[in-house]
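Same chain, two partners: chain A is paired with chain B first, then with chain C.
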Partner chain A sequence: MSPSPVRSPAVDAPPAPGGKGRAREDAGSQRSPAEVLGVKGAASFVAPAVGIVGVFLIFPALWTLYLGITNLRLTGLAAAEPQVVGLDNVTQALSDPSFLNALWVTAIFVLGSAVIGQTVLGLGLAWLFRNWHGWGRQALEVLVIFAWIIPGSVVAFLWIAMLDGESGTLNALLPGGVGIEWLLTYPMLSIIVFNIWRGTAFAMLLFGAALNTVPPSHLETARLAGAGAWRQLVDIVLPTIRGHILTALLLVSLWTFNLFTPFLLTRGGPNFQTEVLPIYIYRVAISQGELGFGAAIGAIMLVINLAIALVYIHVLSERAA
Partner chain B sequence: MTAAGAAVAPGNSRRVVKSVLTRIGFYVMVLLLGVFFALPMLWLLAAPFDRTPTLAAGVPDFTFDNFVRVFENPFVLPSLRNSLILALATMVLVVTAAALCAYALSRVHLPGRDILLYVLLLFSAVVSGTAAMVPLFLLIFEIGLINTHTGVVLVLAGGLMPAGIFILKDFMDSTPASYEESARVAGASALQTLRDIVVPVVRPGLAVIAVWTVVQVWGDFLIPFILLRDPELAPAAVVMFNFYTEGGQANLPLISAYSFLYSVPVVVMYLFVNRRYGFRFYGGIKR
Partner chain C sequence: MARVTLRSLTKRYPGGVTAVDALDLEIADGEFFALLGPSGCGKTTLLRTIAGLEAATTGQVIIDDVDVTRLPPGDRDIGMVFQDYALYPHMTVQDNIAYPLKVRKVNKDERRGMAADAAGNLQLGELLERRPGQLSGGQQQRVAVARAIAYQPRLFLFDEPLSNLDAQLRVEARTFLKRLQAEIGVTTVYVTHDQSEALALADRMAVMQRGRVRQLATPEEVYRRPNSLFVASFIGSMPMNLLDAEVVDGALDIAGSRLSLPPDSAEHVTSGDRVVFGSRPEFATLHDEPVDNALEGQVAVAELLGNSYLLTVEGSGLQMRAVAAEAAPNGTRVWVTFDEANCLLYRRDDGGLVGSPRVEGDEAVDADAPRVAAARQ
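Right, the complex of A and B next:
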């Protein structure tokens, strides 16, 4: 899995006397595995992490699926004795215009900001940076990374300030004193552009690493044959890094699909126009107290997440084979 | 030069024009991208130092007054302290538990170990705070940890743990077991061996997980937002949101100086990691 998001360099580790393989063989074949750490010892070492993950990650996931088929509410009769209502919540959701609206808004948000925006801009930046090592490149790269690591509630306010209708920087720069309230007039466009700005760094870093895997000799051959930058990109680079592109697409889509940050900019408004599914769940379950229905929406999100993740795993295993 | 130059000119000059145009196009594109990424951030650099900050970014009428006055607000210091408590507690929990687990998985061959690890990693990506919002809220409520930092730390640790184990196991796998075997023969306990032999060797991995966890928790909004009720317990992410959404005229001297103070730690940590280890290796780890 070459495009692993968790690839690590193990920088300062001293090289093993017989290489990496030997240590593994030793532990596996000739010597008993209990020599360094007994099975009991291993179990007690594993226990804290497994306990935390089991209780606070796996259990909530399974519980979502169960809660999703009940009519549990935060207060009232259904809070004391929730009834199992089967797939009623899902049927109810599918006929609920505000759920369908949230689903549609989420689809546009993911498509616009993740699939198209971050992936294309990230690839574009990595392509611009491929042979450019001046201070300008470093400055731009640091800006893109800062946009990614500064806390979400701060960047949200930076964008609220910039897009403000009366005194925002954007309106001040546009000629003619237009005074547009961007977040009210173009709310979807605003959160899409915001999220492109916020998240492009990941795709940029991933594609930066990917472009290093393109053999320079192939590009050189193409250049000698008279191919311009565009032809090199389309004919040589894109086919070579196809796996990285799929990785970026799937991971970035998964993250964007689950992103709560638009709430910090618009709180889902105006008039639910930017109410993505995470905000919808928050409004229905926490603000209005319909826990069972909220959990059902959560379960639908889990299933979609799982589908994206399984496609990702399938792609990785196909590439490995 | 003249005669020969004139003869070659048509093709040549077209190539020169084309390369000049390409160059211009390149600079225009870089300039536009630079403006796009820099524009929102100008305010964060200018407004905190402005005597009368507005929503527009501009050259500040320079002062440090905002940073003095920001601490007069009763929520500022406690919220930054809360963020620090949450970040450090989660970091200690994730680094310790993930290191123990990764070490055991790396040295003992449990059946199905690698599959288990992948399934865990998959789970941490699929079970997001938003999709599991309701059960997380109910679980923390039922076990009496609602409105406590402990509840927030446990939920965040659960989400970050699988990636931590995964990365640390990679580090552990690439260190030889022979030193540990010697230590064990000499009579050291498993825990002593881990502390004195393994930890020094995998320190870069531990540092990566530590910084990564702190940055994740420092910026996280949703989990403390749904699990904490008392404003006194709220971390900076939530207090920042309250500052600009509460009614009335936004207090820009307060918000700007506070944004700056709240952002500086992650920027410093980025610069540290970038200088020490090079950021690009670790870029992908961030969720």
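Right, the complex of A and C next:
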């Protein structure tokens, strides 16, 4: 959570008399780590982390960027001697209906399951349970966190068991024996519900903590003025936890954008209806062996990820100003 | 304007803590009423129950002959100022002040006008476009007050509104609040743990302990004639002298020294009564040679108060405090006399003022605790 909007008390607290001056003195009296250790000493502490990040994060990212400008294939002549083709892969992708379809499907998936689903539902649930305290709340949180820590593949198979046409739990529960093949009839809805179920817990816990940062007296002042629960939520709570909401939106939409697990439910089908970008890349790069083309789309995703992050960070900093 | 009546009001929290215990109280229209007590005495709970932020367990809250016990806070027409001011950081000063008006659907022009009026009253006219984070503590406190008065409620509730200010600003804000309340004349209930604030501000005050009112009187009365040892030890910026004594032949025996009985108390005690003698340091006089009716001791500590000194005198196992115009070197032998008109006697068993009704129940036992603490200081 790098762009954490959790406001530090020092910034937000009303300027207590003499408070600022004291903070400054404290800062002045403490020596920075670099002063204590020396630059070399400090660098040696950071080096292992930098090394790991470099090997597992920066190098693969750069390598993907490089592959994206080649025509590398899994097999054949281009596997042995890939040629640099420049931006051909990108221009090809942008005019490829399959890519545009995947982009569109991903957008709906992110909007439906991340923005509307996890964030809005998570906030709603957190608001609903805001007055729960003690063991009831702890039990709820434990229960909810289970949905989040169970591995995605396990959850996917649980949902297959739920939604299966012949022996699925849902059909068994529904009266009349409708026998709907949910994953085939409503594929997009299925993967959205699956991802909402899986991720809402996180948003709910985050918002639950955020709601605790709203001072009770702020809500009580509104209550004394005659504001109902909805007014309190809109006028007081949402502006107060705006930073938390943006952080949740950022994290959840990036995670959802890069999510591959819908593949386990629908394999991108039927007829590419649920082929989100990661699945599309998998099909192009692994199934069809066009590694260079797949890498180029990976690079495009990277750019989109960056763009999403930049928008959120921009909105966040506007608030600080 | 409003009159507040509480009828055997009780607030019991789940878990069994009784914060307010069968409390009866009448607050007059336009009165500045202070609730004073140590932390945990139930004063804030009482205030919040009047506001409707806490539901009463039993009993009634009546405002102007209307039982509001079950009404939600928004329907009680109450303005409240919290200790942390509760200003909304995402709104300007103007929007903060106008927010209750907005909730009450006053139209935009009108509420801007009303907010500006309230802000003008509190010398905030220049700051309307600022955010709370850009204001000093004193300014924030005034914005909170402006928000409470802007919608002209019939009752003000203050929950320790000055505790977050530094000492100097607190005195200024205190004067300011008292003047403001006198001008607009709205009934005010003011909660504080600071006895000097209650004495300075209130027309009448209640000293609370364990969910009950221990003394209900004007500040003058509470200061001059605290009705129990608890109140006596709690009120006053300097601790009251509280000395164990016994009535012997129409006089007081204090650790072997004789003092004459305070005239007010003489008729209520008989020989052999075990009492506590109480007198404020302000009413004690030091003599440098033996006099009648005095307690002898040596100066142990001298503290400068400003234009006088607070001297701590020790002798015969007693500790006394006296305010004197001049300091005396430590170890000086002195004789302390007390102004008879300002001396009080308390029953040692239940802590009540002699001649007053007995203090009932567990409070009587408790009354011992503060005295012992005060005597051993």
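Here is the rule we use: the second predicted complex is superposed on the first by the 253 of 321 C-alpha atoms of A that agree within 3 Å, B and C clash if a C-alpha of one lies under 4 Å from a C-alpha of the other, contacts with A are read in each partner's own complex, and residues count from 1 in each chain.
Methods note: contacts are C-beta pairs under 8 Å (C-beta built on N, C-alpha and C of every residue); 3 or more make two chains touch, one makes a residue touch a chain.
Please read these numbers as outputs of a predicted model, since none were measured by experiment.
Visitor: I'd like to know which partner A:Gly226 touches here: chain B for first, chain C for second, both or neither.
Guide: Second partner only.
Visitor: So, does A:Ser217 touch the first partner chain B, the second partner chain C, both, or neither?
Guide: It touches chain C, and chain B stays clear.
Visitor: Identify the partner contact of A:Pro151: answer first if only chain B is touched, second if only chain C is, both if each is, neither if none is.
Guide: Only chain B is touched by A:Pro151; chain C is not.
Visitor: Does chain C touch more residues of chain A than chain B does, or is it the other way round?
Guide: B
Visitor: Which partner chains sit in contact with A:Pro239 here, chain B, chain C, both or neither? Use first/second/both/neither.
Guide: second
Visitor: According to the stated criteria, A:Gly38 is in contact with first (chain B), second (chain C), both, or neither; which is it?
Guide: Touch partner of A:Gly38: chain B, not chain C.
Visitor: Intersection of chain A residues contacting chain B with those contacting chain C?
Guide: Touching chain B and chain C on chain A: residues 12, 14, 16-17.
Visitor: Can you tell me which positions in chain C touch chain A when the two form their complex?
Guide: 51-53, 72-76, 78-80, 82-86, 88-90, 99-100, 103-104, 132-133, 135-137, 140, 147, 151, 166, 169
Visitor: For chain B, which residues are in contact with chain A within the complex?
Guide: Touch residues, chain B against chain A: 22, 26, 29-30, 33-34, 36-44, 47, 54-57, 93, 96-98, 100-101, 103-105, 107-110, 118, 120-139, 154-155, 157-159, 161-163, 165-167, 170-171, 173-178, 180-181, 184, 190, 193, 201-205, 208, 215, 218-219, 221-222, 226, 236-238, 240-241, 244-245, 255, 259, 262-263, 266-267, 270, 277, 279-287.
Visitor: Can you tell me which positions in chain A touch chain C when the two form their complex?
Guide: 12, 14-17, 215, 217-218, 220-227, 231, 235-236, 239-240, 242
Visitor: Considering only the defined contacts, which chain A positions touch chain B in the complex?
Guide: Spelled out, the residues of chain A in touch with chain B are 4-14, 16-17, 20, 22-24, 26-28, 31, 33-39, 41-43, 45-46, 48-50, 52-53, 55-61, 63-64, 67, 125, 128, 136, 139-140, 143-162, 164, 166-170, 172, 197, 201-202, 205-206, 208-209, 229, 254-255, 258-261, 264, 267, 277-278, 281-282, 285-286, 291, 294-295, 298-299, 301-302, 305-306, 309, 313.
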